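The following block contains the structure, expressed as structure tokens.
Every chain is named by a letter (A, B, C and D) in the order it is written, and numbering of its residues begins at 1.
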Amino acid sequence: MSGTQLLPSIYLVAAVPLFWIAVGLIGLAHQTQRAEHARLYFPLGAAGGLVLAMAAYPALSGEVHAIVLPLGLPDLPFHLRLDHLSAFFLILLGAVSAGISLYAGDYFALSRYGNVRLICLQYHLFLASMAFVLLADDAYLFMVAWESMALASYFLVTTDHEVDEIRRAGFLYLIVAHIGAIAILLCFGTLQLGQWNYTFDAMRGNTLATGWAAVAFLLALVGYGAKAGFLPVHIWLPEAHPAAPSPVSALMSGVMLKTAIYGLLRVTFDLLHQQIWWWGVAALTLGLLTALFGVMFAAVQTDMKRLLAYSSIENIGIILAGTGLAILFHSYNMNVLAALALSATLFHCINHALFKSLLFLTTGSVMHATSHRSLGKLGGLIRSMPWVAAIALIGTLAIAGLPPLNGFASEWMLFQAFLLTPNLPNTYLNMLVPVGTAAFALAVALAGYVMVKFYGIVFLGLPREPLAHAHDAGLMERAGLLWLALWCVVLGVLPVFAVSALDPLVHALTEGSLQESMRKSSWLFLTASSPEKASYGPLLFLLGIVLVWLATFLLVRRFYHGRVRRADPWDCGFAGLNARMQDSAEGFGQPIKQIFEPFFRLERSHPSPFDARPAYFSRIDDRFWYWVYVPVIRLTETLSALVGWLHQGRIHVYLIYSFATLLVLLLLIQ
Amino acid sequence: MLVLGFPLLGAFLLALWGNRTWAAEMNASMSLLTLLAAAALTARTIALGPMTEIRELFLVDAFNVFLVALTALVGFTTSLFSRVYMRVEQERGKLSSAQLRLYHSMYQMFMFTMLLALLTNNVGILWVAMEAATLATVLLVSLYRTPASIEAAWKYFILCGVGIAQALFGTILVYLAAEKVLGAGGSSLLWTHLHAVRSQLEPNVLSIAFVFLLVGYGTKVGLVPLHNWLPDAHAEGPTPISAVLSGLLLNVALYAVVRNKILVDGALASHLAGNLMMGFGLLSVVVAAFFLSRQRDVKRLFAYSSIEHMGIVTFAFGMGGPVATFAGLLHMTAHSLTKSAIFFAVGHAAQKTGTQLIEHIGGLINTSPAVGWGLMIGALAILGVPPFGVFASEFLILTTAMRDHPWATPILLAALGVAFASIFGKVQSMVFGESTARRLPHPPAAFPVFVHLAIVLALGIYIPPYLADWYRTAARMLG
Amino acid sequence: MSLSFTNQLIDLMAALLLLIAFAMLSQRRILRLIHLFAAQGLVLAVNTFIVAYAIARPELYISALITLVLKVIVLPWLLHRLIDRLNVRWDVETLINIPTTLLVGIVVVIIAFNLALPISHLAGTITRSTLGIAMASVLLSFLMMITRRKAVPQVIGFLAMENGLFFAATSATYGMPMVVELGIGLDVLVATFIFGIFFFQIRETFDSLDIHHLEKLKDK
Amino acid sequence: MNPGYFVSQLLQTLLAVFLAPLMLGWVNQCRAWLQNKSGPGLLQPYRLLLKLFLKDAVIAHNASWLFRLAPYVVFSGMVLAVSIVPVLATDLPFSPAADVIALVGLFATARVFMALAGMDIGTAFGSMGARREMLVASLAEPALLMVFFTPALISQSTALTTIVEALGHRELTLYPSMAFAAVAFLMVLLAENARIPVDNPATHLELTMIHEAMILEYSARHLALMEWAHAIKLMTYISIGIALFVPWGIAQAGDWAMMPLSVGVLIVKLALAGAGLAGLEMVSAKMRIFRVPEFLGMAFLLAVLGMLTHFLLEVNPT
């Protein structure tokens, strides 16, 4: 469809965040009893999300629209721009937030913490600021929206601020966010190339010297990385996500991280024209390291939300790696391959947004049902909350990268992109690739391990502690979850449509396109550069499985009466089975600890075999904290100690200061 | 010239009846009248452009009229705040009625001297007014008669007195240079005349003069290393005074510096003055930022943040150029509004918890959401978090710095980062967490706080065109 | 009398002023300090008077009169009463020992002269050479404020600095315009009163005028 | 496409599915012979399956729907897998549905379901087996991918049929990199199919079992499906190995003349492979569970080395 007959789409798109702000303010003003307040306003926000997604969709292939608002600085009013890239991420925001908001209606109605009116305001401001980040077309509006986003989410994270690790988490989060913002500001400063013009159009116009371009790229990598959670600025992520209420974690992990990816793509592919091969290598390496790091830490977590947070780091790493590949190909003008890598990346963005928010929401339901967050206490919820369990299963399979769900589709494309790197005219890179591919494969495989741990321990087996009043999710919660799960399945089974919808955007960014390779194959098959090289037909997959399943089922039934006798579990004939004999979360993580020991900073104490009351203690720290952050903090402290010495409290000293200043200046100007 | 009349009148009246129960209301109403007069004056200036009054004794132009308006506004809101605050202090028996009378009358006196300093056309009178401002506030700083407050006041007095003496020497030198051109007599100290002939003034004299003026008035601005009086005075005086000190006095002192800078620039045709100011500004920002993390007294904390922001503004004016100067003016406005709002909130917090020590303040948001959110939002605003006005000006300053002095930008940003970490960490622990505050019979004066913050927020998102033009004309004037 | 003669007189006065400044710097006893301060005021007054006579400026007579009244009579008298009331006649111990202070003072004087040189050339007044001395005495009294440990001498140093400024004003520029003169005079007067108030406050809080009591406020 | 393809597809699938237990039986028989025992006979697996299918299913009280769903998913996943691998003819309508990566994904899906089912009851052994299985898999899976990538790089494609076309039906060339890949593949095969030295299919000794521990709770038809799926998995792996490393003799796209010959060739290959597997199991001993990661890491490294040697020796730098 062309954007011409849908000209006002940008106005509609820009109207949605304003609507969100309005909802927030009205919600703030509206005094009513908690449950009905939440159930009234959050679904409104969900409706806004739907509208946003639908309004942005035409722009994915349509032409670019830009408007200037009469707000902002006198010389630099707010510029809004709706192009392919922003459209894609707006759709992501709208579609995912719709599900989350719907869910949030029930969630906040039931949760005890915080003042729901404030939460409503902050939540919708958060949504609106994300939308404006995606729409911004000048540095000022971008920074404003960017920081408002950080701020709103900070307040949401610290909703339950009596707990001091939550406060610490929020603080850490905001600090890192601020550092990132500083880097981004510097990046824009580099991009605008001396003439004081901070609209993105002007930056597009500039062509930077290679050195400065590299500086800008690295600044962007740091700045956006601080939001996305690249190594080593990931430090806030596993703290802040668990601290936040689940819908907020879902929004942050699912959508907010993607805005950072958006920024990175915007700078790298849109504002900077040229790319240099080593940027790609840098991004690729960093991404893979991040992915491995994330998945390993996820494997050893004992708190389900921390586990998911680390898995977010992993997925972000994969996305970054994909971006790196795209840059790499693009820098060698291999546009089709760049297009492949980029579509894979974007596709993975939306997939991760879907299943990660889905899983975070399920943790929310679990916490409401059991008021536990630690894996060590949960178990067997598939019986008490079948709905959530079923939906969570879809999310788990998707995030574990299993066909025929969406996670696999994007990872498949990424693998294809990796396998096409031998065409790069650089032997070292060719040699590098197998290693990269290996790391990627390892990360993906470990993700499967992590997810089995997550699902198995939370939903399967026996409850590790007596879980009273575990009940299934409410209607709105189910609706929100189903919405997300639905898309996981649809995108998984029919990835071709998603990829071809992405094609104009990818073409705009890389001048390459997957069209012809897709034209050669049918809509059933997802293909890489060309169908005979590789293809993947998830629908056939699904059909095949279902057919065989039905066949076997019927055959078995023909053979057999299908009666089932219930009995106690056999368990190799051992009697006296109890729940504590199951694997604990630590137990599940233990082999990973063993194998990848050097990655962790471990503190362990094993009980001696003859211990009367054996106790096992194990704590895992992030090495980066001690490598990067502690030294910086020390430095600041020493510096401020030095400076503090200036202030001696003796008036004579102060007089000497000013006397000296006077003399020095007088001599200076002679 | 009602602008000057009202506070002077107020000073006398309150000197007589400043201890009555309605003194606070009277104080407020006087300030309100001043505000109205200032508003009228502003309107007229916008309409008719710059003008001089009473045999050129007074000058009103875009630059000072906006400061006048700002001063009057903050003066008014602060008087509203001090109404509530001082009542509590009095009930706690911290103040005798005589002290209260002194307080009220000196408050008006202080307003008068500042307005005089802003409005006068005579560089000499400017000096006199600045000195008078010091004299008016020094007794207020030691109002509580505690050892700490007396010490603070003494340092304030000596350091500012010495500084101001340097400024006088500078003024004399300016006069010396001026009389060569304009001949002896009163007219050669009139800024308008000086401005007219500034290109003919003897550069050597003026450069030396500027050093003395910068060191002199800079002491009052609180530039490092002349700043040492500032945290003490802010921390020990009554909170309304801290609010006006860092909200207004610093601005006025900086105004004096800038006024003279214009002359010097004209005479030297070099960037000497600008460079000096940039140096001081940068030094102040960095040093203050590192001081911040060591503070345990909340008012000292924000006093240092004032130093930091004055450094930023000085840096901006030092860079010069339309955008930077514009940003400097904007930052002045945003800073004095935000900072005074913060001090209001801090004052209430200190009264509710009975201490100024940061570690003993906590969970304000639970006992009194108004104060808690006021402090939180104010702190975020002062830290330059969008969408507040402070960010707008910092954005402009930084981006200009990136163009003109790229080397300075990372330093500034690093300092801002450190400041962010230190201030925010402390504020968070005060606002959130378990509450240590207790309720007071009087509701806090939420109105001034949120009015200020609302204006600052508005400045960040939308600067009305007339305001923008106004800043622009001022910026053009300062070159 | 001829211009040159007045010139010489003025230069003499300048020299006297500098001398007194050094004397103050080296002076140990508060009472003497006050006397020296009064003397300085007297020199100023005379100097102003001579200038006024030399160039026939009536308003300078007035300012000479003001100086006489204020700085030779009122302020010393006030200070006297203060130290009587607070009985702080005892010796002043300085932070740095006197000889070093004097050495620093000499360095300062050299700097001041060099600074003043270019200015004096263009200062077309009959009193061009005195600007350096004025600056020197300002800086010297600054130095004195730094080195003294008691409150009263610091204040005297402050006032002496004011004197130096005033001398600069008269000698270099035949005095500032009247308004400013009055303003300055007023400020100085008020300042002195406030100093007085402070002395009492400090006294009653610390029962001593030693400033090292005032060193509590610092950043540990 | 003409029905012939579907015929060959169906033929191959059914053949594989129904030969799989025989394959298993053959391996066991060879083991028995090598141990100088007279084995249970080739048809033992069929008897076992039949017995299980006729039995009454006994399920733990707290078994959830997932537990009953898993066997079907696993079984159909395996059938799908085997029908993707070209063993008789290269041109199969199903083959574009999945390339090697998707194949690995398919195995992973089946495995995950099995592991989840193992954890469902909440027995000590179930969860232990699931953990070990997932651990082994999470290390074997990348190795397998690496193994696949070497031929994929050689043939510029990840579609198995294309690979086979490229390797089998062009003029015969020897690829040193494939040697690495072959060894690595063998190790992965042992690990993934729960063979010695990684796992011992013939024991229920608590501490050593991996695969068996997961399916302890299954009985009757569910167990039957699991076992059968397991047999098919072995079959699939072996035929993948054949297709990758000794592709000669697989029929071209739809030339029916080749078909009988290729069947014959296939049977010979399978027999040899089975015997070889048995022999390998005979000479090696079961290793501690914590040696397994090293074992698989070895395989992983070999595979990566294979890719590197490919770049080193076989890519002519242009």
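The criterion applied here is as follows: a contact is a pair of C-beta atoms (placed from the backbone, for glycine too) under 8 Å apart; a residue touches a chain by one contact, two chains touch by 3 or more.
Note that this is a predicted model, so its numbers are computed, not measured.
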| item | value |
| --- | --- |
| Farthest-lying chain, centroid of Cα atoms versus that of subunit C | D |
| Most central chain, judged by mean C-alpha position against the global CA mean | A |
| Highest C-beta pair count, chain pair | A-D |
| Subunit C and subunit D, separation of their C-alpha mean positions in angstrom | 102 |
| Intercentroid distance (Cα basis), subunit C paired with subunit A, Å | 71 |
| Whole-Å separation of chain centres (CA-atom averages), subunit B against subunit D | 79 |
| Rounded Å distance between subunit A and subunit B, as computed from the means of their C-alpha atoms | 44 |
| Residues within subunit A bordering two or more other chains | 644, 647, 651, 655, 662, 666 |
| Two or more partner chains touched - positions in subunit C | 115, 142, 145, 211, 214-217, 219-220 |
| Two or more partner chains touched - positions in subunit D | none |
| Chain pairs that touch, as defined at the top of this document | A-B, A-C, A-D, B-C |
| Partner subunit A, residues of subunit B touching it in the complex | 154-155, 158-159, 162-163, 166, 207-208, 211-212, 214-215, 219, 225-226, 228-229, 231, 272, 276, 287, 290-294, 323, 363, 365, 380, 385-387, 391-392, 395-396, 398-400, 402-403, 409-410, 413, 416-418, 420-421, 424-425, 428-429, 432-434, 460-463, 465, 468, 471-472 |
| In the complex, subunit C residues that touch subunit B | 115, 118-119, 122-124, 131, 135, 138, 142, 145, 151, 154, 158, 161-162, 165, 168-169, 172-174, 176-180, 183-184, 186-187, 190-191, 194-195, 197-198, 201-202, 205-206, 211, 213-217, 219-220 |
| Contacting residues of subunit A [partner subunit D, same complex] | 379-380, 382-383, 386, 389, 393, 397, 400-403, 408, 412, 415-416, 419, 422, 427, 430-431, 434-435, 437-438, 441-442, 444-446, 448-449, 451-453, 455-457, 460-462, 521, 525, 528, 531-537, 540-541, 544-549, 552-553, 556, 559-560, 563-572, 574, 577, 579, 581-583, 587-588, 591-592, 594-595 |
| Contact set on subunit A toward subunit B in their complex | 70-75, 139-140, 143-148, 151, 158, 161-162, 164, 167, 170-171, 174-175, 178-179, 182, 185-186, 188-190, 192, 194-196, 198, 636-637, 639-644, 646-647, 651, 654-655, 657-658, 661-662, 665-666, 669 |
| Residue ranges of subunit D in contact with subunit A within the complex | 53-54, 56-66, 72-73, 75-77, 79-80, 83, 94, 96-99, 101-102, 105-106, 108-109, 111-112, 115-116, 119-128, 130-132, 134-135, 137-139, 141-142, 145-146, 149, 152-153, 156-159, 162, 204, 206, 216-217, 221, 225, 290, 293, 300, 303-304, 307-308, 311, 315, 317 |
